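Labels for the chains are A, B and C, by order of writing; each one numbers its residues from 1.
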Amino acid sequence: MSTAETLLGLLAVGARHGYELKRAHDGHFPQARPLAFGQVYATLARLVRDGEVEVAEVRSGAGPDRTVYSPTPAGLDRLRRWLSTPEPPSPYVANVLMAKVVTALVSGGSGRDCLRIQRAAHLARMRELTALKADPAGSVAQTLSADYAIVHLDADLRWMDTTAQRLGELAKEVRS
Amino acid sequence: MIGVAVRVLRGAGRADRVRSALLVAGSALATGFALCGVVVLSIGGLDARTLGRSCATDHGVIVCVAGTGQPVAVRAYTSNLLNEPGLRPGVALAFWLLLIPVLVFLGQCARIAAARRDRRLAALRLAGATPGQVARIAATDTGVCCALGALAGLGGFLLLRAAVEAGHVAGTPRTLPTDVGLPVLETVAVVAAVPLLGVAASVLALRRVVATPLGLVRRRQVTAPAGWPAVLLAFGVAATALPTALLRQGHIRTVAPFVALVLAGVLLSVAGVLLSAAWLTGRCARLLARHTRRPAVLLAARRLERDPHGQTRATSAVLLCVLFAAGASVMRALTLDSVGSGNGDFYASAYDLVTAAVGIALAVAATGLVVANVEAVVERRRELAALVAAGTPRGTLRRALLAQSVLPAVPAVLVAALAGTGIGVALGAGAETGTHIPVLRLVVVAGVAVGSIGLATALTLPALNQSVHPGELRFE
Amino acid sequence: MREPVLEARSLVRSYGDTPALRGVSVAVGAGEVVAVTGPSGSGKSTLLHCLAGILRPEAGEVHFAGTRIDTLSEARRTTLRRGQFGVLFQFGQLVPELTAAENVALPLLLDRHGRAESLTAARGWLDRFEVTDLADRRPGELSGGQAQRVAMARALVTEPQVVFADEPTGALDALAGERVLTALLGVARRAGTTVLLVTHDTTVAAYADREIGLRDGAVERADVPA
């Protein structure tokens, strides 16, 4: 879902070859499932096909040849758009949010903007749901499902608030 | 245990330090009054009656030839209250009666900062201290202050006594019995009794905390007190008439039972005054609250209606002073009427002495009232700050505070003055003259009392301004 | 945005050496419901106190309906708070000795209205918040939610232009809080009353039209006014 953008983010700070990309990805997202080599190369191939990544050089050495990739302006643009677009506010988007925040930090951003726009999107959705509850014509069942969505959105929002306060530490860790 | 108590004290805020200082001062004063009584009773010398009536007149140093023909020097004082052995128990009694307002003051001090100290002690309780330990810590805290006060009182008494004695010119009559040594046993008893009374008061004031470790101090639902305190009051006043009657009929021959009966009657009357004042306060407050349109009066009246005992408790020491002053005024008038002009000056000066003592007690009581008022304001600071935030003028809150203490003071002082008058009449029932009540003097007594209550409250108002700080409205 | 009814310009305020507000500017339009959010110590309550004329800022200006109010005398600000503003706190704002109706009538009595008239108006407001039968109870005999309803009646009895609510549901459980907020905002929106809602709780902030987020005494994010 967000592997392409994550790899673009990792490439944004310098050209790397596939194996380095896999190592960097697994290091930044220790909780996520490790990327399979096949997935890395398939994703890179797709990005190359779409003109968002290009082959910078091919190193030949003792082992197999290593292809080094770097992002094109179109790729960097896609990355920027991804980072500045909020995820559709539904519960359980925390994993994608985390990918965004870390990727933003890796690619030289602060991550704060990601959180800000996401918070606004979440809060807007929460307002809609809250208004739905206040509607006197609404059914109890409707209120219950709105309640459910609200408390889950609230969990995301709390995570965002806490993350916003931990951004400094996270930046140190990511850039070390 | 003392170590913990000291730490509890040291962690104390300003109110706690004020409370400690007042406890020390109050117990010093109590010790002083008690020792005065002790000294008066230990004046030795020869009973004037055994020497013949003529010797016991007001001639300063008297040299008498008794039946043996030997010259006997009778130690003498400028005041015949001290020269007449028959009057000395009365003088001692007067000093000891002065102990009552001072002890009430001590009890009041023990309650000061109660809410905050309650919370701290409750924290100790949550930290695992047993109820007994908490009670002991609180008691030690008060006991240490009172013991310090008692020792300070003894020291001050001895110093003053030495100073007065040093100024005495040999051969002239003394103003005060500074030549009489302090009896060791009685002195030790007094110095030991004062801290014990203080501890008893604090244990009484803190029994609620010991019961609720969470420190959840819900304001007690106080129902309007019933009318029976009035009966108690009447009974008490009547009881003070009993010893005089018994004395006259010859049923009592010694001083002790007379004093005991008078004390019992006075104590009953005191309880009656305090309870009836609360009852009257509750009634008047309810009536006012239902009809007033003035916010300050409404606030004051509802507070009084809710806890009529609280205000009486705060002013109880003042009310006691009124009771004594009124009683003394009536007895003064009766005595002056009955002795005629010859000895009038002597008795007048004796009663002036009593008035002065009551004046000191009143000053003490008013000081206690200031502190109690400040504490009451500080305890309400959140509510007051919220009221100001909602647009209640500070002037309204000030007027409410004044009304809260002056409105109930008027009926309460009246009850106390009437009871005092009743006791005076009862005690002086032996006088043959008609019952001439010194109305003007009584009005002055009541006026001074109400005035001092008003003044004490006025002195509280700066605390109100500090307490309504918006910082009280923050929750973070 | 509509003409702002309440505006703060570069407010600075500190407690001792601790800065609470360092240059906060906000504007609130008439009839808007705005949530002021932020973590503990971000200056939310201080901002509310300055806007409501309870606290004077050390620097900056507060304007209400075209008048600068931070320089007014305490007496003028008190009158303003009583008539044009309503305040609602987390708890402890009712006088424990007064009945619910008397608590609500208090601002009217302070404005020298008659006793009967004030109490009748108070009962009307208690009725609107569905606590009519509690009119003669004391605050100590009310549940948290009931007490907040009485407090809301008191805040609105003078029909103010702005209501300042500082964590009004902070002492309530979720459902009681929801009902209190729904009641407050229902009345406020119908009457076109501006509401400033200070809260650290996002589910509460979701009742507002927009959010002003504070952090370390400065505006961190402010939604564009609708």
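Going forward, a residue touches a chain if its C-beta (ideal position, glycine included) is under 8 Å from a C-beta of that chain, and two chains touch if they have at least 3 such contacts.
The structure displayed is predicted, hence computed values, not measured ones.
Novice: Ranking chain pairs by how many C-beta pairs touch, which one is first?
Specialist: By number of C-beta pairs in contact, the leading chain pair is B-C.
Novice: Measuring from the mean of all protein Cα atoms shown, which chain centre lies nearest?
Specialist: Taking the mean of C-alpha atoms per chain, the most central one is C.
Novice: In angstrom, rounded to a whole number, how far apart do the mean CA points of chain A and chain B lie?
Specialist: Roughly 77 Å, centre to centre.
Novice: Quick check: how many Å separate the C-alpha centres of chain B and chain C?
Specialist: Using C-alpha averages as centres, the distance is 47 Å.
Novice: Report, in whole Å, the distance between the mean C-alpha point of chain A and the mean C-alpha point of chain C.
Specialist: Roughly 40 Å separates the two chain centres.
Novice: Inside the complex, what are the residues of chain A that reach chain C?
Specialist: Residue list for chain A touching chain C: 116, 119-120, 123, 126-127, 129-130, 133-134, 150-151, 154, 157-158, 161, 165.
Novice: So in the complex, the part of chain C that touches chain A is made up of which residues?
Specialist: Going through chain C, the ones touching chain A are 39, 178, 182, 185-186, 202-203, 205-209, 211, 221, 223.
Novice: Which of the residues in chain B end up touching chain C in this complex?
Specialist: 218-219, 291-295, 298-299, 302-303, 305-306, 382-383, 386-394, 396, 470-471, 473-476
Novice: Can you check the complex and tell me which residues of chain C touch chain B?
Specialist: The contact residues of chain C facing chain B are 15, 40-41, 44-46, 49, 52, 54-55, 74-75, 78-83, 85-87, 89-90, 92-98, 102, 106-107, 109-110, 114-115, 118, 138, 140, 154-155, 166-167, 170.
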